[in-house]
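For reference, chains read A, B, C, D and E in written order, and residue numbers begin at 1 within each chain.
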Amino acid sequence: MQTTEQVRGILANYASEPPGVKARLAEILSHGKLGGTGKLVILPVDQGIEHGPARSFAINPDGYDPFYHHRLAIEAGLSAYAAPLGQLSVTMGELYGQVPTILKLNHSNSLSRLKEDADQAIFASVDDALRLGATAIGFTIYPGSDRGLEQMEEIGELIREARAVGLPTVLWSYPRGGNISKDGETAIDVVAYAAHLACQLGAHIIKVKLPTEFIEQKEAKAEFEANRIPIATQPERVAEVVRSCFNGRRIVVFSGGAAKGTDAVLADARAVRDGGGNGCIIGRNSFRRPHDEALKLLDTLIRIFKGQE
Amino acid sequence: MQTTEQVRGILANYASEPPGVKARLAEILSHGKLGGTGKLVILPVDQGIEHGPARSFAINPDGYDPFYHHRLAIEAGLSAYAAPLGQLSVTMGELYGQVPTILKLNHSNSLSRLKEDADQAIFASVDDALRLGATAIGFTIYPGSDRGLEQMEEIGELIREARAVGLPTVLWSYPRGGNISKDGETAIDVVAYAAHLACQLGAHIIKVKLPTEFIEQKEAKAEFEANRIPIATQPERVAEVVRSCFNGRRIVVFSGGAAKGTDAVLADARAVRDGGGNGCIIGRNSFRRPHDEALKLLDTLIRIFKGQE
Amino acid sequence: MQTTEQVRGILANYASEPPGVKARLAEILSHGKLGGTGKLVILPVDQGIEHGPARSFAINPDGYDPFYHHRLAIEAGLSAYAAPLGQLSVTMGELYGQVPTILKLNHSNSLSRLKEDADQAIFASVDDALRLGATAIGFTIYPGSDRGLEQMEEIGELIREARAVGLPTVLWSYPRGGNISKDGETAIDVVAYAAHLACQLGAHIIKVKLPTEFIEQKEAKAEFEANRIPIATQPERVAEVVRSCFNGRRIVVFSGGAAKGTDAVLADARAVRDGGGNGCIIGRNSFRRPHDEALKLLDTLIRIFKGQE
Amino acid sequence: MQTTEQVRGILANYASEPPGVKARLAEILSHGKLGGTGKLVILPVDQGIEHGPARSFAINPDGYDPFYHHRLAIEAGLSAYAAPLGQLSVTMGELYGQVPTILKLNHSNSLSRLKEDADQAIFASVDDALRLGATAIGFTIYPGSDRGLEQMEEIGELIREARAVGLPTVLWSYPRGGNISKDGETAIDVVAYAAHLACQLGAHIIKVKLPTEFIEQKEAKAEFEANRIPIATQPERVAEVVRSCFNGRRIVVFSGGAAKGTDAVLADARAVRDGGGNGCIIGRNSFRRPHDEALKLLDTLIRIFKGQE
Amino acid sequence: MQTTEQVRGILANYASEPPGVKARLAEILSHGKLGGTGKLVILPVDQGIEHGPARSFAINPDGYDPFYHHRLAIEAGLSAYAAPLGQLSVTMGELYGQVPTILKLNHSNSLSRLKEDADQAIFASVDDALRLGATAIGFTIYPGSDRGLEQMEEIGELIREARAVGLPTVLWSYPRGGNISKDGETAIDVVAYAAHLACQLGAHIIKVKLPTEFIEQKEAKAEFEANRIPIATQPERVAEVVRSCFNGRRIVVFSGGAAKGTDAVLADARAVRDGGGNGCIIGRNSFRRPHDEALKLLDTLIRIFKGQE
């Protein structure tokens, strides 16, 4: 593996991290069709836990099998494949080493009635990631929620633990609960704030949702207006999120959200690219499509991030 | 012990697990009259804790004695015997090595008024399992309940601890509490979801109840209907649960439920077999029957799983 | 110390326990006037904590001094003396080795207003027991109470810790709180259930109150009636408790309860003996009597368990 | 340091304690003007935390400086000086070895609104005591309060930890909260009960308030009356507290309470002496007086305990 | 690095601390334009976490980049730079050794709806401070708040942990919540009390807000009046805070508060100097100003503490 100038440029911002962590980040940045470009497309599959198996996989029943997803990530030449403990336990014994993997450590599920406004259970550990040969750990926090502060403390400890054994952390930062309105969950001020919190917690790759033009907090609104921060277009909003990630010194990727039409998915990707984001994480929009259609979509996404579409 | 092709086929799906865990799974899959077939019949006896001694054993008073159950499992040529700490402490000093044993770690009891909708107390540890020479640990989670997320975290840690010392985990996944209706506890979508959660947590053998045709969650109902998942017959419903266990890549057994007539018990077993399930766990329907009647019933069950009845 | 056939017979049921634990159980079963008979009379003194010093000792002021009780147990030739940390700290430096001692680890007190329906504070540890040269640890659980499940987890861990250093556990199992009625606390079904729970938790000696003919739980009542479990007499009820202790495979002793007349105390003892119980624990009925009267009562109790009265 | 007969007599009651703990107790009992008499006068200064600096020290502004108090204890020839972490951190580097010191580990403060009826925060650890060269640790419990049981568990662990490194424990046992009435906090039955609890927890020196003639608990009242326990005079009440401390086998000292007139302070001391108490702890009544007046008062107290006034 | 007489004078009050801690304190006291004077000006930047990135940095967009702040502290010749984990992770790999750094361990954020009246999440650890080469750790407590006692216990442990590896602690002590009124948060009695608590907890550098003339607690008011503590002017109030910090034996610095006019900032600094405070911590008033204006302001502050303005 030889790192390109783009990859070295990104990793220069991680100078305080130990070599092991930088090596793993380089591995993700150098893998697949986007390898070396500084851009990423990641396949995450944990919807079986989040929504149940039938709701996730019945539409494309091959997806009941963990090998389907792991192989899809390999075939599509993606940057990484993110999955829960059980799923990776099935496939890693055979598919190790063919695509970087992110072991997602915590999960919500829709069977549980929550006692508080949002929560997740921790399914796996840093040791599981090492044992399975994963390249990074993944975790979700809900800033704003009743358990938000506790979750920040949990991930703070896990990041320390993972770093000490050379594993970087991918942090899903999804504002939710508390005083945050439904629209506020994707408001530009809130998404940028959530991305900033993830950076400050020491995460290496930050994952947020694409923000809307809405501004949730009135003190933020005043600053956005007074300082004329441009947020009218999606690329501008992506740029504000990138700026909130230490002025672009941290890798930030955007999620595709609920299943939707191909055009919308591609438009999102172009906005991420044009705003300076590092790429996207695309789950339901890939594995709920038929196999070949999914491969085609993922290829187009990759071409977009290469600037070819 | 020589493993059959069927056993090797099942264990191929556990390729990420350490040899110690696979050896113990092979031990359970190779023991008793069903040894080598890939099918299992397990005797679980913890009803003294769950319902009290008189309610469990007065009907067949030999059952007050822990030796009765342990010997029943041996005589009947079952795959394994699952019991609590105290019970195994009495018998293991004499009966070690005669049938694989599963030390059940946590238990509910009907003397306690629960502060939340469902809970269990942890009676024993992984070290107890090692000390007593048990072949696996057992645990119950209540997905959906107020303590469901915490229980998932508890079992996540116990699975890691047990795996590290070569012990597999049998996970009872019983949806209960929270927003789940009484009918919903055995609804096909809920049971399949609970089985999937158990797989994702890293359990090696999953135990659920036989599902009904009822569908609890309306989003699930939409997917079941849109994708025409067949659930009209019991074998079809078993098949959907098996599919939800990583497309059959995890061992799943079904419980017999409350004491009932022999015909019903046998019909259930045939449905499990025909739907592709790995076997059944049968407690009250065996030890609350007179000794010889129980032996006869268990023998018939075994013949069913051998395809002989 | 040479163990008698009776003692060896009892200890055969503890075959899974390490030699250290069996040696200490043998020590208790072989000590004093009942040594070797398989029967026990134990003096417990923690009422200073439970009810305060004046309420406990003013009636017989020698009792303010910890030496009084410890010496009473020695003089009376009892099987063991159970006491709290502070009390044993005063006497063990001088009286070590003269009577087996049980360090009681947790205590309730009547100065505290409980936030929940019943609770205890842990005063001492397994290390304290080792340091002071105690022969066993003692603990109280309140099955049914709001903290019942947590207490079971606490004692589960302490039993493991004590076993690992060769100390057996005496478990006071007192149903209380939750949905249990006042009469239910000594109902035959509840007491037998509580004794069974203690056995399943791994306790070596179980202590319960003498049960009444009352049945608390209606499902239990149905089983008691359907299966004609005899509970009309005190010995019959003791026998049902013994049966619930793994069919007599665990040592079970009964408490004397509140201070009462000599005849009542002796009648209780005969019932325990006739029902197959292993003995009694008698606190207030001994130390609140004048010294010589207490010695005489204890001697009569011992003669009853020897079958001499 | 040579121990007197009185000191050896007291320490004979601590025969179960390790030599390190006895050596430190001997150090306190042998220091200052009362050295060797078995009596103690201790200066505690933590009112800056309890009530704030101005409320504590403005009246005698030298008291803002931690050296003032530490030196006062030395000059007055007291038995020991008790203070919080921060204060001792300032002075111990210079004044080590000149008077035994007690590092008080926990503190309440009047800035905090308590969520429960009484609570303290733990500021320091046993390791801090060792590092600073303190002679003992100090701790406060509030028996009866909502956190009373937890505090007992906390101090139980700290006593074990301190004992293991040769440090004795001074336990402030102040009944408060829960069902205890304001008058009840100093009722004779409650104070004696609180002192007994402290002894049972394994504390080496017990500190309580001087009790009044009031009896809080009606069951206690019945016993006090039935057994004619004398409590009409302060020395009689002190004697009942001493009796409740294992019949005088534990060192018990009494606090002076709020700032008051010299005559009242001296009368209290005589009552402690005449009732058989081991001495007093006097804070606000010393450091809120001008320096020379404080020295004079402390000297008179010492003379009282020597039987010279 | 050679320490001046002023620095040695200050450090004499830290005689109980280990050499490593004193060396780091000396490092901070000897660095920058105020090096050796015993005075400090510190730049803290954690407002991205507290208020969000746009609200903090949009006005001066260079501030989105962590290098901007770290370099500002270097260029301005400040005593130290305090920042969160993520921010220091970006810059320390390049700027190590150029200005003492304080790793702030905990943070509040305005995205979270608090369940209690005030709280923070711990983002970083003492090990992070060591790994990044920070000179000290920083922490915030909210005395008076519902979690105040717990926070005191948390920081107590962190101070011990940091001290053991040679790191001093800077403690932000901000009274808030509970019964404290809005005016009370900066009342002279409350601020002095909060500073005293920080000292007693073992902090090495205490940071409080500048107090007003208001007195919150009526018992404190009585003492302030009875003992005629002068608090009419800002320097007098600073002096009372200094006195409350062990009569000036601990380093105390004052915060600048919300962004305000230059004259007000300078007046505050003169009051701190004239009242005997050790310096100030100035965040928003520096980094929200344009670069050169900030440098000029900081230089004037430094000249004030040198007595040159």
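Simple rule for what comes next: contacts are C-beta pairs under 8 Å (C-beta built on N, C-alpha and C of every residue); 3 or more make two chains touch, one makes a residue touch a chain.
None of these values were measured; they are calculated from a predicted model.
Minimum number of contact steps separating chain B from chain E: 2. Listed by label, the chains touching chain B and chain C alike form an empty list.
Separation between the centroids of chain A and chain D, computed from CA atoms only, is 59 Å. Distance between chain D and chain E, defined via averaged C-alpha coordinates, is recorded as 36 Å.
Contact with two or more other chains is made by no residue of chain B. Contact residues of chain D toward chain E in the complex are 48-49, 51-55, 58-59, 61, 64-66, 84-90, 92-94, 107, 109-113, 115, 119-125, 127-128, 131-132. Those residues of chain A lying in contact with chain E across their complex are 13-17, 143-146, 148-150, 152-153, 156-157, 160, 175, 177-180, 189-190, 192-194, 196-197, 199-203, 217, 219-220, 223-224, 226-227, 229, 240, 243-244, 246-247, 249-250.
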